[in-house]
Amino acid sequence: MIDAATLAEFLRREFPQSRCTVESVDAEGVWMAHPVGEAELRPGGTVSGPVMMTLADVALYGAVLARVGLEPLAVTTNLSIHFLRKPSAAARVLARCRLIKLGRRLAVGEVWIYSEGEDDPVAHATGTYALPGSSSR
Amino acid sequence: MIDAATLAEFLRREFPQSRCTVESVDAEGVWMAHPVGEAELRPGGTVSGPVMMTLADVALYGAVLARVGLEPLAVTTNLSIHFLRKPSAAARVLARCRLIKLGRRLAVGEVWIYSEGEDDPVAHATGTYALPGSSSR
Amino acid sequence: MIDAATLAEFLRREFPQSRCTVESVDAEGVWMAHPVGEAELRPGGTVSGPVMMTLADVALYGAVLARVGLEPLAVTTNLSIHFLRKPSAAARVLARCRLIKLGRRLAVGEVWIYSEGEDDPVAHATGTYALPGSSSR
Amino acid sequence: MIDAATLAEFLRREFPQSRCTVESVDAEGVWMAHPVGEAELRPGGTVSGPVMMTLADVALYGAVLARVGLEPLAVTTNLSIHFLRKPSAAARVLARCRLIKLGRRLAVGEVWIYSEGEDDPVAHATGTYALPGSSSR
């Protein structure tokens, strides 16, 4: 298993444009976060959907890498997200991703997204990653 | 129906952080685009998944607004995307979104994403928007 | 909250062709089951995908009804399922559905499907139900 | 490419419980159908969701087989469906499935479902199939 600092450093190289941070890594998955500021808000004070999708995708990627090793060739094959509640404009968004299947060629993960400090999730995503050897894209 | 210039101006206000542009609006839907530069690439020269998800979400939003009017309260309830091929690192990504259902409370759209100048799509998305009056988030 | 016997009786009337049974109802959701026999198997001894999709759809419906009352007009607007492992040919399939959002117009639920007696899920689904008043279909 | 009669015979063996029929096979995909009678209806005269999901799954399978050959080991890894309109109680449901990606390990297809004789689709699905060699289930 990759530790949080190693994963964080790898993601900074892989997704240099991403502002996602690795909060922790454990045997079941990862916690990641995204800051929320002017750039992440829509009128009405909602965190924009693309910010949550970005966080979900990176969290899935992080959870896969934490288990299979730092493999830049793993690619998302699909991602599906439900937006459940309006996130807070005044808190970071946190993502908890757990892998629910890790096969030789495909990994499937589940992501719950929260406004930091609140119990009810703001979004739920599932996604599939193709592991190297697979011609997924 | 809203014209392209009006939609573009509205989106600049709504998603000021977005770099998506409105290419055209017609009776069936919209064409939108996203530039591809350093910030949109992953190692290996692939356009990052979040860029395509962002474009898909904004294109769905644009297609809904073009039909129902400039309604900032429409919100995505879910979005599902399949990544099909590796996009070109040297071309913009274009999205064609058509509404496949427009009910009183829900709109459903389909999005095909292409690397500009190529025929085969790089991604396919579907998404649902809740129209005002609905407590979708 | 509707109890299991009341829900079971309602579903027998609504989905008379369905062989799904209500196992239990609690504050968070429902457990339902589907028998597995010759009619549910594919060559190779796998439970067919449609059986699991049917169970997921009915479990979502049951979880919604258990909370909002016996409302035949609730309709599925979308359902997404990931198949994770090969189910046993020799056991019933069980579904645990929990609602993850219950709004005025939309309900979203999550379903885990298991082969009875095993810990690892064989499928995971999410789905959205439009509640009456909404023109979802 | 497999012809319609050969595909139909194979599906009768693979999904003996299925009532889906192969209408045609062409270079882009397949047309399949499902009869609608008492067993397929819900109160209110709607074709049940599971019938449409079953048809979508079998149509995806048929479209994959028509291109890669009669391969009983291809398995669905995920399927996502949007229900768009209330289907007619008095007509068969037809599915048009086209493959939108055919890689070495994964195939992705799109399915439109119609009530026979009507132009507007009643449902839209996308699904992924893992091709043999891949440990998808």
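First chain written, first letter: the chains are A, B, C and D, and each begins at residue 1.
Basically, contacts are C-beta pairs under 8 Å (C-beta built on N, C-alpha and C of every residue); 3 or more make two chains touch, one makes a residue touch a chain.
Because the structure is predicted, anything quoted here is derived from the model rather than measured.
**Q** Check every other chain and keep only those touching both chain A and chain B; list them.
**A** A chain counts here if it touches both chain A and chain B, which gives C, D.
**Q** Determine which of the two chain pairs, C-D or A-C, is joined by the larger number of C-beta pairs in contact.
**A** Result: the pair with more contacts is C-D.
**Q** Could you work out which pair in A-B, A-D or B-D copies the interface of B-C, where over half of the contact pairs coincide by residue number?
**A** The chain pair with the recurring interface is A-D.
**Q** I'd like the Å distance between the centres of chain A and chain D, where a centre is the mean of that chain's Cα atoms.
**A** 32
**Q** Averaging only over C-alpha atoms, locate the centres of chain A and chain C and give their separation in whole Å.
**A** 27
**Q** Can you give the whole-Å distance between the Cα centres of chain C and chain D?
**A** Each chain reduced to its C-alpha mean, chain C and chain D end up 21 Å apart.
**Q** At least two other chains touched by the same residue of chain C: list those residues.
**A** If we look for residues of chain C contacting two or more partner chains, we find 77-78, 80, 82, 84-85, 128, 136.
**Q** Can you name the residues of chain C that touch chain D in the complex?
**A** Its residues touching chain D are 13-15, 17-18, 38-40, 42-44, 46, 48-50, 53-54, 57-58, 72-73, 75-86, 136-137.
**Q** For the complex, which residues does chain C have touching chain A?
**A** Touch list, chain C to chain A: 80, 82, 84-85, 100-101, 108, 110, 121, 124, 126, 128.
**Q** Quick check on the complex: what are the chain B residues that touch chain C?
**A** These residues of chain B touch chain C: 77-78, 80, 103-106, 128, 130, 133-136.
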